[in-house]
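What follows is a set of structures to go through.
Next, two complexes with chain A in common: one pairs it with chain B, the other with chain C.
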Partner chain A sequence: MAENAEIMEALRDHLAQKLKELDGVIGLRRAVEGTAPYLFRPGDDLSQLALEPRYPLGPIVSLLQRRYPQAHFGVVARGCDLRALAEMAKRNQVDPQRLYVFGVACTAEEAEECHCADPFPRLEKWPQGKTFGQPAPAGSPHPLLAEYPKIPLEERRAFWQKQFAKCIKCYGCRNICPECFCESCALEDPLWVEPGVLAPPFPSFHLIRAMHMATRCVLCRQCELTCPAHIPLTVLYELIRQDVKEMLGYEPGADLEAAPPLPLTLADAVIRE
Partner chain B sequence: MEYKNVLTVCPYCGAGCGLYIQVLDGEIVGVLPAKEHPVSRGKLCIKGWNATAFVNHPDRLKKPLIREGGSFREASWDEALSLIAEKLLQIRDTYGPQAIGFFSSAKCTNEENYLLQKLARSFFKTNNVDHCARL
Partner chain C sequence: MAEEFEPKIVAFLCNWCSYAGADNAGVARLESPPNILPIRVMCSGRVSPEMIIRAFRAGADGVLVLGCHIGDCHYISGNHRTAKRIPLLRKLLAYFGINPERLRLDWVSSAESTKFAKVTKEFVETIRALGPIEREIKG
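== the complex of A and B ==
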């Protein structure tokens, strides 16, 4: 376990203190059977608080804030969690005013493992919170990103065709994604995706998702981690992210107050109220 | 106010993927893959992701049904099991052990499957034992 003992101690102390005023804190709990997201409540054993394996916590914040519209929760957030929460907040999925952020810096090893460009929660514009640990250097980019531009244009189609053909349509990439919260999903619409057929239609299945991720994907890499077929999804989303940054000057998750350049909803993709 | 994740094994096939059932105030609200699970390591197929869909489904059978005159009626477990025992013995005595087959399930534990084949082989004296994947 790469958890820094000093950071964990400071985090637990602060969490114990804040639990006196908050309704609960969403984090990871390491129990005998394994580690999973949990709502820590006053009196809970904080020695069970853990920082890995990473799970997307934004959707759980959203769930709890909806169920308890008056409650004030806390969340233990890494850089990627906070970026995800920022994009969720812009689309009315979470309320930053009712959220206390326990920001945790990732270690250099973790940043490297995730190929993370910004392994630190930037809390400046968040109403309430405190960070633990110092920013580590960015991890090196995904090796495929350097290789990709060297692939001739005519071979890129074949490259993705081979990757997407591995898909078993588990919908795990969509299910685990903190930025996927449409009321109905285009990937379940028989117009676009014929039910019961493998592999999914090329290239529409994966490109529909990729386009819907433009201006939303914060590169938390949860999709890639949960993909049973090992499809390099974040390479695809990173390429789109680079285009969005270059053409529209927008970096999803970087700034809580920056408005996304694309419409927040699509005619056929209504996000939940 | 309680949110927790309950570890379980996917009920669908025999692979035995680990998954968490998300529970909010006693109600199932979703599924998460178990990232530390030695079998599935944080990955699930579409069945695992939807493993809880049947739990509160209106079509779910909650009591045994006995078919009488072409339609089903609800029965108690005692009545249903007695009827099954009676009919199985009747078939065995009339047509012999080869007339009976037992189908077990990947949804059961090893121990439950062991018990079923034990019943088939030792008591009914038949090797007609198979499982749900071939149904």
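== the complex of A and C ==
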């Protein structure tokens, strides 16, 4: 899909301007060897700045901020990237005070492709940043979501058992996920997921991961895009995300200031069932 | 002839309230079902979703999590986390096609030996009606 030339031009101009004061801007660079995350520095060829393919830059921001504790970086972020950064900030993975956000709106086609409910970076509560482009309408929700409540338990089980039987346990879903940053991962603990068994027995690996995603998943859909077995993981994460919204009034990534509800007391996070 | 199904239940009991409640049920000679395998944990907040999933996979037909009443937690707010976590896990079990009735959370204080007997009896009957877990986690 072609990048919007007008947005790209405005973005490059502003980026060139801001590079004079920032220590660098994290974005994607399209070069002959391929497209990859890159720290743009003054003097770099900004025509190589790219927005596609989508790739989560949050973990790279985290890595660089940790490595350079005084540095003030910028990052090019779509709506989903910004939601991911918000959840990471709440869990002390990135520091919003040392981050300038170049927010890029997604196009309506991109929103539709991703079934995205909010394809625009909401910068209102972020300390510094600027958005480029106008909010596009939300994409249509995944077709499975509406019919899911009507599907009987046996059919759900049959569906997911078939899906998970394809899993090659490559850990791609976890590795790409901007919200998966634990130093020791339950999915690697032989107590919970026995090593050497393929596909991971139902219902271990994916149920544990879905539970961990419940108050974190920002629906960037990177896990699904990465999955070599094409397992529709985000259907599960979106279902549980809806429950978290109804029961705990929390939407991961939507509000930089809202605290994640699970560690809170019931006085601070009321349950509605 | 098919053998009659006896449910196997794993019960995570908090050290300060529910385990003592179970103990007192025994002291008071209240009748409670023999299907319960109690596991004593320091707090119901200690019971991670992984532990519950593992219990199911190890053959538990039902998992019972019992803790102190809200406000009585020995660690002030340990059970507040349980109160949010277990309902979410129940939702996820249902999305995976596993009957969420197989996981139950309740609050039993050390003085509530009769409640312990009642909850365990009810739960065993619920699980008896649902049948063995193998039906739901093996392909």
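The rule we apply is simple: the second predicted complex is superposed on the first by the 262 of 273 C-alpha atoms of A that agree within 3 Å, B and C clash if a C-alpha of one lies under 4 Å from a C-alpha of the other, contacts with A are read in each partner's own complex, and residues count from 1 in each chain.
In the analysis below, a residue touches a chain if its C-beta (ideal position, glycine included) is under 8 Å from a C-beta of that chain, and two chains touch if they have at least 3 such contacts.
Fair warning: this is a prediction, and the values are worked out from it, not measured in the lab.
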item	value
Partner chain(s) touched by A:77 [first = chain B, second = chain C, both, neither]	neither
First, second, both or neither for A:204, with chain B first and chain C second	second
Which superposed partner A:219 touches (first chain B, second chain C, both, neither)	neither
Partner chain(s) touched by A:104 [first = chain B, second = chain C, both, neither]	neither
Which superposed partner A:227 touches (first chain B, second chain C, both, neither)	first
Dominant contact partner of chain A by residue count, chain C or chain B	C
Chain A partner contacts - residues on chain B that touch it in the complex	1-5, 7, 18, 20, 22, 24-25, 29, 31-37, 42-46, 48-49
Footprint of chain A on chain C - complex, ascending	49-50, 53-54, 56-57, 70, 76-77, 80-81, 83-85, 87-89, 91-99, 136-137, 139
List of chain A residues in touch with chain B within their complex	23-24, 26, 29, 33-39, 41, 53, 55, 60, 63-64, 67-68, 71, 168-172, 175-176, 225-228
Partner chain C, residues of chain A touching it in the complex	148, 153-161, 165, 186, 189, 191-192, 201-204, 207-208, 210-211, 214, 236, 239-240, 243-244, 247-248, 261-266, 269, 271, 273
